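Shared chain: chain A. Partners: chain B in the first complex, chain C in the second.
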Partner chain A sequence: MNLDLKKIAVGVVVLTGLIVLADYFFKISLLQSTSIELQRWSAIVSAFMVGTALINMLKGHGGKIFKRSEGWQFSAVLVIMLFTMLIVGLLDWFKVQALPGSFIFGFLFDSILTPSGTAMTSLLAFFIVTAAYRSMRIRNIDSMVFLAVAVLLMMMNAPIFQVIWPSTLSIGEWIIEVPQATGMRGILIGVAIGTIATGVRILIGLEKFYLGRKE
Partner chain B sequence: MFFKGMITPFILLIAFSVSMLWLRRISMRGKIFKVRKLPAIDALDELVGRSAELGRPVHFSPGAKGLYSSDSAQTIAGLSVLTYLAKKCVQQGVDIIVTHKLPEMIPILSEIVKEAFVAENKLDQFKPNYNIRFVSGYAFTFELGIMGIFYREKIGANIMIGPYYAGTLMMAESAADVGAMQIGGTALVANLPFMMAACDYTLIGEEMFCAAAYLSNDPEQIGIIAGQDISRIIVVAIIIVGLLLSVLNITAFSELLRM
Partner chain C sequence: MSNILDKLLNIDRHIIYLMIAIVVTAPILSPLGLPLPVSKSTTEVYEYLKNLPPGSVVLFHNGGSEGQWAYGAPDLVVIGRHILELPVKVIFVSFHYAGPTNTEKLLQLIGIGAKEYGVDYVNLGFIPGYPQPEPSLAAFGRDIHSICPVDYYGNPINDLPLMKNVKTSADIDVIIDLGGIATGEMFVKQWAGVPVIGIWAPSYTATMAAYYEEGSVVGILVGIRGTAEYEFLTKHPGQAIVMQDAISIYHVLFVALLMVGNVAFLLKKFRRSQ
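Up next is the complex of A and B:
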């Protein structure tokens, strides 16, 4: 029997999509249990992909280390840390009492990863300044309006201006509540309809990126 | 049978879907719908050409979410752009680097880029570990990793289309710092201003979802875009009617919408 695997794949996607969609609207216990099961399968398949990503990372950085390419030391640190976390995590998982896996795992997370992330977040302030400088240079009417609004909102947030010119607060609030909220809601309506359109395209089989290569 | 408050959303979903499918049918029968110019999408060729002249790679990332979230439609829109971009890069001999935060996206991205190489009969030039990179599943590490790629590889163009969060600005500013031209696109309104401020071209919200139709010029896809306009008209009509009736203190309509 000659099976068209791609048609079967599209069929599976359409059926799965319809079941999960119907579960959102209808209170039918069979639908609910099927939908939960399908979503669980999806999470399991995603978890398998972590292995694929690990291989991708090891191949890329391993190649750099073996060839002694520029910056190979950083790749070495990455690979060492990757295996450290893996081993410590496994020790914790197997409940190896002799080694305090969960303590080391917690320490690595709380004392290395989280502070590094926080340090990165703090950089955001500097990037905001450079981006603001580049975008606020007046080139046309749009950037002039952008600059004027940005200055007004900065004045609104600086207490000194509320003393010098109390109206900054009401002007700033009006900008946020009227033009900004209106624009934002317009975008959100468009996005919601666009999302529905994407769903329709998948359900009728127009969007088939998940099928892979056309042999 | 319905969950509370789900009757009206269900009816609206059916109405929107029917309008999209109806206009798709009309479009397939030969009616030509005009799609307005999208400068951000038109600029894709310019970005690839510029990178070819400079001999620098192009970076692309379809956001920080996968296909298993409420923002997956944005990721799908990003993948449509990647399909076109990868083809253009392969045609012009420009290296393309595709990064993602989620491991489950790596095989999908790999297949899309590989297909572009296969289509141009250049499969021998496809370098899976160079072209497709899993950076990190941790948000700021992911962004830091991408920033590192920008500085090390001296990218010529950066395209970020998909769901992007707090680190958008850091990535976009780093790309600008190495002199890369940029196209950004997201439907997350909190991060759109960052994209607008830092990128040369920006796809605002719904424009992202038109990318596939715009690039392919496929009547089926364009018909669905026209259907989106009908859906938008329905929404605007509901807003106007709702506004007028609430001014007149008639609550029946708003109660109907809450059904």
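Up next is the complex of A and C:
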């Protein structure tokens, strides 16, 4: 007997979707408990994603290291750090008393991971200014409006401007609460309609992007 | 003249980097003490939390990454300190892998005072799902105990007095969401009816403006400015107020550079058209 795995996968998705959707509209205890169980599985499946991501990353970077491709040294650092954090984290988790897992984990987190992440984030302060300085030029009416709004919102977020021009706070708040909220509401409604359409296509088995790309 | 305009249009980026470094560092070393008007959304957060009935359950979602600690720590400290001073119950949780470690650092930093673990506050640790935690977040709201059977320290949450009456999102009175992974919108959608307080960057606040206007979001601390205002309101001046001076001067430089670049650009365009 030949099993069509794709059809089974589509069937599972459709059934799962229908149960969770029906639970939203009908208060039936069996439906409710099944839906909660399915949602609980989604959290478990999410945890498995970390494992698949690990395999995928090792595949990509491991290949680079073995082939000595350009920049393989960075891949090697990544793989070494990955396993270091993993082993130290596991030692901490299993409470291996003979080894100072907590101390090493804390040191790696506070002295390597946090400063590296902070440095990456801080670089934005430099790059945003230089990029904006070069790109935000008044070329037409649209770019003029864009620049004016950007400057007004920056003025709202910097209290020094309220000393010079007190209205910048209320102007900024008005921009956020009126034109921006209105525009965002339109986008949200559009996204919601698109999501419903995609959801219906998935439920009737027309949308199968989750099966991967067509070969 | 044309030569000057060209120079103004193409300032070397290293000079801009140097200017930024100076304007950011100087006010931190020598604070200017600039006045700080308190915005409406910050006042709303303060008033909402202050007026929570005793015994209310607050879910504190710490979604900040390890990199966010540098500028997210003042947010965590000021809000964390305020809610631990109030007669409310606090549940710390995170859908970001770095959240529990940051929460531990926070609790060590501010101290827990007279609050008792398990009775007044709990740390549920990390719930898997990152970087797209919406399904986990929805499931967590439906049945907290089955998604998170043990707390961060491995204690069964059924044994914690605080968690005995907290089973679903309906048992939570307010969510405080420290953003980093866009969970604010997920809480609004998946935990409908539970008010959300956001501690978000200005860019994410723009996304959430519609929910704020509609009322699902009851208050927002916008970036470091919001945190500085909150430090002022709670009378706990901290890092954010000092950082606020640096951010103010940084924005002055930012606006000045945009003005210089555009004036030079328009003058050049005008000269070319003549």
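Just so it is clear, the second predicted complex is superposed on the first by the 170 of 215 C-alpha atoms of A that agree within 3 Å, B and C clash if a C-alpha of one lies under 4 Å from a C-alpha of the other, contacts with A are read in each partner's own complex, and residues count from 1 in each chain.
Just so it is clear, contacts are C-beta pairs under 8 Å (C-beta built on N, C-alpha and C of every residue); 3 or more make two chains touch, one makes a residue touch a chain.
All values derive from a computational prediction rather than experimental measurement.
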When the two structures are overlaid on chain A, which partner does A:Gly190 contact: first (chain B), second (chain C), both, or neither? first
Once chain A of both complexes is superposed, is A:Gly60 in touch with chain B (first), chain C (second), both, or neither? first
Who does A:Gly199 touch here: chain B (first), chain C (second), both, or neither? first
Report for A:Phe26: first if it touches chain B alone, second if chain C alone, otherwise both or neither. first
Please indicate which partner A:Ser46 is in contact with in the superposed arrangement: first for chain B, second for chain C, both, or neither. both
Check the residue A:Met120 against both partner chains and state whether it touches chain B (first), chain C (second), both, or neither. both
Is A:Leu169 touching anything from chain B or chain C once the two structures are fitted on A? First, second, both or neither. second
Partner chain(s) touched by A:Leu15 [first = chain B, second = chain C, both, neither]: neither
Which of chain B and chain C A:Leu90 touches, first, second, both or neither: neither
Taking the two structures together, which residues of chain A meet both chain B and chain C? 42-43, 46, 50, 113, 116-117, 120-121, 130, 132, 134, 184, 188
Spell out the part of chain A that touches chain C in their complex, as residue ranges. 35-36, 39-40, 42-44, 46-47, 50, 109-110, 113-114, 116-122, 125-126, 129-130, 132-134, 136-138, 147, 150-151, 153-155, 157-163, 166, 169, 173, 176-177, 180-181, 184-185, 188
In the complex with chain A, residue positions of chain B that touch it: 1-3, 6, 9-10, 13, 16-17, 20-21, 66-68, 73, 76-77, 79-80, 83, 102-108, 111-112, 114-115, 118, 128-130, 132-134, 138-141, 143-144, 152, 166-167, 169-170, 172-173, 176, 187, 189, 192, 194, 196-198, 204-206, 208-210, 212, 220-221, 224-225, 227-228, 231-232, 235
If we count contacts the way the header does, which residues on chain C are in touch with chain A in the complex? 11, 13, 16-17, 20, 24, 34-37, 39-41, 65-71, 98, 101, 105, 127-130, 132-133, 135-136, 138-140, 142-143, 146-147, 202, 205-207, 209-210, 212-213, 222-223, 225, 244, 247-255, 257-258, 261-262, 265-266
Chain A residues touching chain B in their complex are 24-28, 42-43, 45-46, 49-54, 56-57, 59-60, 63, 70-71, 113, 116-117, 120-121, 123-124, 127-128, 130-132, 134-135, 184, 187-191, 193-202, 204, 206-207, 209-210, 212-214
